[in-house]
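Contents: one structure, followed by commentary.
Labels A, B, C and D are assigned to the chains in the order they are written; within every chain, residues are numbered from 1.
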Amino acid sequence: MLAVDSKIRQIWNLVICLLSVSSVLLIPLSLVYHIMPPAVALAFSLVLSAAYLADIGLEFNTSYRLVGKVVAGRLAVSRHYLRQGFLPDLIAAFPWYFVVLAGLVPPSSYFTLLALIPLIKLVKANRLLYSMAEEKVNPAILRLVLVVFWILIADHLISCAWIIISGNPDGLAPFDRYVRALYWATTTITTIGYGDITPDGTTQTLFVILIEFFGAAMYGLVIGNIAGLIANIDVAKTQYKEKLEKVNAFFKFKSIPLEVKRKIDDYYAYLWETRRGYNELAILEDLPSALKETVALSLNQDIIAKVPIFAAADPNLIRDIIVKLQPAVFTPGDYVMRAGEYGDEMYFISQGSVDVLSADEATKYNTLAAGSFFGEMALLLSTTRTATVRANEYCDLYVLDKATFEAVAGRYPGFQGSIKKMAEERRLAIEAAKRRQEIEAAKKK
Amino acid sequence: MLAVDSKIRQIWNLVICLLSVSSVLLIPLSLVYHIMPPAVALAFSLVLSAAYLADIGLEFNTSYRLVGKVVAGRLAVSRHYLRQGFLPDLIAAFPWYFVVLAGLVPPSSYFTLLALIPLIKLVKANRLLYSMAEEKVNPAILRLVLVVFWILIADHLISCAWIIISGNPDGLAPFDRYVRALYWATTTITTIGYGDITPDGTTQTLFVILIEFFGAAMYGLVIGNIAGLIANIDVAKTQYKEKLEKVNAFFKFKSIPLEVKRKIDDYYAYLWETRRGYNELAILEDLPSALKETVALSLNQDIIAKVPIFAAADPNLIRDIIVKLQPAVFTPGDYVMRAGEYGDEMYFISQGSVDVLSADEATKYNTLAAGSFFGEMALLLSTTRTATVRANEYCDLYVLDKATFEAVAGRYPGFQGSIKKMAEERRLAIEAAKRRQEIEAAKKK
Amino acid sequence: MLAVDSKIRQIWNLVICLLSVSSVLLIPLSLVYHIMPPAVALAFSLVLSAAYLADIGLEFNTSYRLVGKVVAGRLAVSRHYLRQGFLPDLIAAFPWYFVVLAGLVPPSSYFTLLALIPLIKLVKANRLLYSMAEEKVNPAILRLVLVVFWILIADHLISCAWIIISGNPDGLAPFDRYVRALYWATTTITTIGYGDITPDGTTQTLFVILIEFFGAAMYGLVIGNIAGLIANIDVAKTQYKEKLEKVNAFFKFKSIPLEVKRKIDDYYAYLWETRRGYNELAILEDLPSALKETVALSLNQDIIAKVPIFAAADPNLIRDIIVKLQPAVFTPGDYVMRAGEYGDEMYFISQGSVDVLSADEATKYNTLAAGSFFGEMALLLSTTRTATVRANEYCDLYVLDKATFEAVAGRYPGFQGSIKKMAEERRLAIEAAKRRQEIEAAKKK
Amino acid sequence: MLAVDSKIRQIWNLVICLLSVSSVLLIPLSLVYHIMPPAVALAFSLVLSAAYLADIGLEFNTSYRLVGKVVAGRLAVSRHYLRQGFLPDLIAAFPWYFVVLAGLVPPSSYFTLLALIPLIKLVKANRLLYSMAEEKVNPAILRLVLVVFWILIADHLISCAWIIISGNPDGLAPFDRYVRALYWATTTITTIGYGDITPDGTTQTLFVILIEFFGAAMYGLVIGNIAGLIANIDVAKTQYKEKLEKVNAFFKFKSIPLEVKRKIDDYYAYLWETRRGYNELAILEDLPSALKETVALSLNQDIIAKVPIFAAADPNLIRDIIVKLQPAVFTPGDYVMRAGEYGDEMYFISQGSVDVLSADEATKYNTLAAGSFFGEMALLLSTTRTATVRANEYCDLYVLDKATFEAVAGRYPGFQGSIKKMAEERRLAIEAAKRRQEIEAAKKK
């Protein structure tokens, strides 16, 4: 049983598409002008029928998709194909053109139109092209491309019909006559209507009326597709700009200072550039719990790898903690914490860097970059912050609050100990820095 | 009193529509060319008036809808019809065409245009068609179809008017002349404008200016309808693709590993295929409580039928529990639970299958399919999971957590007992499997 | 100071609009053909200037709106008008046409075009029309109407310019010549392009190129407006149908029974018909608290009026209770409560009716309609329901739960007493009905 | 290293755009008509090449943006430019036109078309224009402008090609011939199609067919852009009107009194005018915590400045309190509180004014404006309101409830004291006013 999306099946689909397109190009022209020598035409007719028969055989051996699952049972596949697609495939596979060429119907009669029956395979070609491209292409663009493709084919068919209906009044050579008919058909379909070629007699006029309606509808379809496509292109950006406009309208009404407005604008621009305006929390909340865990582990693997206290931790603990980290964005200059403030959250830096400052912001103790963490003392001791931390640039931090930490860490005593040890070391380093600073300041005096 | 949506009324509506369309086709042509023999024309005129009178009578005996209720009181129906629809119906029912045919107005005068008055019934036909199709058809498609229908009728009327205004300069036969006029009208309305037929004299020119504005507006309306239709077709899919794009943009910014990205893409594809991206919880929360209960019972009837512990349970208990089950999706390979983990949830399998594995995942104890349940021990004993459970494919599970279970089961002591018994049996089975496995392993050595 | 939306100001605005439109019609035609006798033209010119001057005077005495407030201070009004609108008004008020008519510029020179300067007043007319119609009309329709209005004016101006540029080659009478030019302009703007009138010489050709671009842009604008309009018309209904489709897709995937699906479809149809799919709770939550109270009081005034226990209650209590009522919809056949169930909610019927039934649903005790209430015993006694209540039709109920009731009623002892009394009476009535039923049943035996 | 958005780089970009546009105008015309004297043409060619070479040099010295950061390292810049943009820049910089002018290729052969190669620089010009305008212009408008710009350029190129293909059958002067060709191209692209100039012979016909397809596509693109633009313009307002319609539909179904409906309409109009329908709470909740704090401080700086109790407060306290204030809107006539009611909230007036009234609303004690506060007693004493407060106009208040206040103030004892003092003073003032009123009332009697 051939898989529905196997390479071979895809290539065969392309072959069928090419054959049906070439048949729609060649058969009508042959009926009008016999552009193919009889032998070539006969061969073409037989190759076509053979390929279409092979297609039927292959369809009976190709699995199909149903609500996310591939169905491959022979019985199910046969029933599925018989119910949809088999009949038109069978009709198209009959060598109609051969019948006409072999003279089995009176030549130059309406029966020669039987040769056009295999063109119904185009409908399948359209479906195959659609399903092959669907995954990769924006559906609006795909629809537009297929509409244009069908218009070109219709243009060709209309030209051939026009040659039959209007004859060759200027006695042109076949190719010139075809180009002339194509010119007329195109001029009409695009609603340009030069008017240098106009219908003569009631039959031609009726035909032209039909083509005019068809052409106008086709052109309308193209414009409609373009308009629909364009209307949808900007949706995300338009919505975003609109939100920004609303926010700005509100802040203008509230006469907020310009520098705050600018800060907000910058923040939204950052949000757009890095995550197209989407909130990280919203993305994660949309996922089912097990997937959320996988993503959270991936997102924070840098932290897990770099943060020493996680190095030796139980994988179950890491999983438990990581899912509960809350993302938080800080814009440049924002205070993550202020010395003297009461705080009960620890921070992990995912992206960006922060400055660790003294309470008066005169001294910079340290700069922490992605993979670092700070504020861990808050998880252990109920005390105020010993330093001020300010974002240097746009920072994506993850926050772990005391209540969550205690609930998880309670089950892993070893972890609690290592955090305590780290906190002590950090505190000593800051105090050492403070003293060093004081000594230097004293020296300068 | 006839029901507004009864079969008979629907058929009668179709009759009225057909009559009004045939009148708009025949009367103008008759005025121009007398295409109907006098006797036929007279008969047609009288049949039309009779049918329109019958329509008035029927309207007085047809109920109407008002905010979800059918109003059938004779007085209310009469008042409703008299207030809207009666007057134009009455005017259209007068035998205007008969008056013209009978020579009661001077022939070839502007008074013959009185015969066109019954065409106002078309407005009603339009309304009837709309209300009959509204339920079944996308409103945008319906509007497009009606616009095209009106354009065809306008095309016909413009042609007749053009014949009257421009006469028959080439001395064509009536049908040929009509086709010629239709050709001109169509060429103009579709904005093709060949220019082989152009106005002569100021009256014709003024008429053409009018038609050009009308035609351009009509064509614009068609294009606008197509564009609006197409813009709305893709909304659901476009929004979905856009959400996916946003998610991917974010994960690209966060440089998430490819296999996780793939997992997320697959999950969203599954969500789209099975529920068009809609969250089950969101669907149920939208429904009023009683309906939610009905739906939850229907959705879980398989579980209720297959799960032995529900077999003998009180229907009130089933109702109480079922409404509180939380849906959860697991993607292939996701861990539903891990041996050794602490857990307080029980799972019911609605769709898909899971593997029950040993802690090291080396041994597969069992595979559970739709209708099975597992993790029931967590509801009874505060212990860690004894086995690892991993999703084989996309699984729709329902989760019952301990707190909910205890609140409900507390009121039904018998239920609690049967769950306990089942849990015990299951535990014994797993232990037996473990021992068997160990013995086999020992044998192999 | 005249109010900006006073009747007089509105009428004056209309006068200004009419004058500017008549000037755009008459002045260009006069320049081309002198359609007005000199005296009339002079008078028209002076009336126009006088009216425009009066308009300037009035503007200095008309208040204006700024973010929801009307500003009427003389200084503020003057400054506002001087900053925007005064200059073009002043320029338009100068008697330019008079200058041309009086021969102050060489006739037949380009200086006669100075007479067209007052046409800039049209921009103001456009703004006035927009602001007058804005409140009442859909903005998309309004924009479309104004675009068409401007196209008609442009059509007229292009015709006049075409007469000047192309002269009168066929020696037509003025009116015929104008119609001919209008015909050409219309044919071009609507992109029909018959081609019976084409430019001659490079100047005309350049003019035509310009008009072609302008016409195509205008026509594109019309189509774009129609498309935008139509795309937005269906948004509400399309979103609703789409939601329904998603719900149905999901329930199809879950193979829910047909009768449940039908129930859901009906429910959504009801929701659309009665509240366009909008949730009552969502509507109220959007309103600020004081307004919510006002609305809740209005919505439930029937209940308040009909329910005896509210008759003598403290208005503060009514306010307190009413804001806390939760709306709930029941579809026909839904059980609001079941006899024997534990319940802690009381229900008020806002719309629809319910049946009060015995536990086996064999006996109907009562039918309660809008304004009734039931389940009040649940608020007082911790007991199971004594009767089953089933919705007869779509019902809008309001729910009052025990916790809310106790919090509020605790502060109003009198209220608690009256509820208790009502509950006792109701219980006795039901028991009496039960006994009567039993006696009747016994009799029948 | 030049910054990507430095003034100099921007000016240079404009120079490159102007040069490439002038080259697309001049080179094709020169090939057709030699409109430039040889010396000028040679100079132009060399200037162009020199400028394009300089552009390459500059690109190697201009930083570029990557996800919100400017990359300025020489190596990174070089690699970035070499990977994208360098090759076409290099090809365009080669003096192709010079090669043609210098006679290095046979004149009048297809090789002269080599002179058109530098036109590929237009693609870069397009990108530069886009990136320069992107920030300031609505993306839909920008796209429309660029589409029109490209259509004009295409129109010019098509005209030149048409001259080459169709020659000069009428023996016109070069400029007249060019205008004639431009006229034909414009007539075709805008789908007007007069038909006075039509192709002759198969080559011309084939060219025309191509141009017709291209023109129709271009025109469709313009219309599509306009439609997309217009569809998105009204989105915000349409959504808002739609919401209002839904609300009104619901209230109509519920037959709410007209004055309440009016109140709601007015409220929504106010919401639209002052904040485009956006909820203040929603705006703040979207911002990250640090930014929210900054905004809240800005929004309430008036209150902080005017409210005496904040004057001497600890900045940490102000930050703590301010973030927790809840916005609340009151419409004119709404009761903020009622005398005798139990209340536990304090209010700060951000915008608008309120009346402080006696319980019977007969006496007005005071009118409080923006920056005032009231209800502060509720935070300290568990008592009922001593006065009724009614909104005079639309008021934006901020609410501080007792629980929040106590949590924060508990940490700042000084603050609690000052509030208590203010409350006492206010209470005495109200009582004094009451007594005065009573005395006056007594006097009047």
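Methods note: a residue touches a chain if its C-beta (ideal position, glycine included) is under 8 Å from a C-beta of that chain, and two chains touch if they have at least 3 such contacts.
Just so it is clear, the model here is predicted, and its values are computed rather than measured.
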* Asked: Most remote chain relative to chain D, going by C-alpha centroids?
  -> B
* **Turning angle required so that chain C lies on chain D, C-alpha fit (0 to 180°, nearest 5)** => 90
* Compare the contact pairs of A-D with each of B-D, A-B or A-C and report the one sharing over half of them by residue number. => A-B
* Structure fact -> Here the gap between chain B and chain C, centre to centre from mean Cα coordinates and rounded to Å, is 25
* Asked: Using the average of all C-alpha atoms in each chain as its centre, how far is it in Å between chain B and chain D?
  -> 36
* Structure fact -> Touching two or more other chains in chain A are residues 67, 191-195, 223-225, 227-228, 231, 235, 253, 274
* Structure fact -> The chain A residues in contact with chain D across the complex are 175-176, 179-180, 182-183, 186-187, 189-196, 219, 222-223, 225-231, 233-235, 237-239, 241-242, 245-247, 249-251, 253-254, 256-257, 260, 263-264, 267, 269-270, 273-274, 328-331, 334-336, 338, 340-342, 391, 394
* Could you please specify the touching residues of chain C with respect to chain D in the complex? => 67-68, 138-140, 143, 188, 191-195, 198-199, 202, 205-206, 208-209, 212-213, 215-217, 220-221, 223-225, 227-228, 231-232, 235-236, 274-278, 280, 283, 287-291, 294-295, 298-299, 316, 350, 411
* Structure fact -> Touching chain A in the complex, chain C uses residues 67, 191-195, 223-224, 227, 231, 253
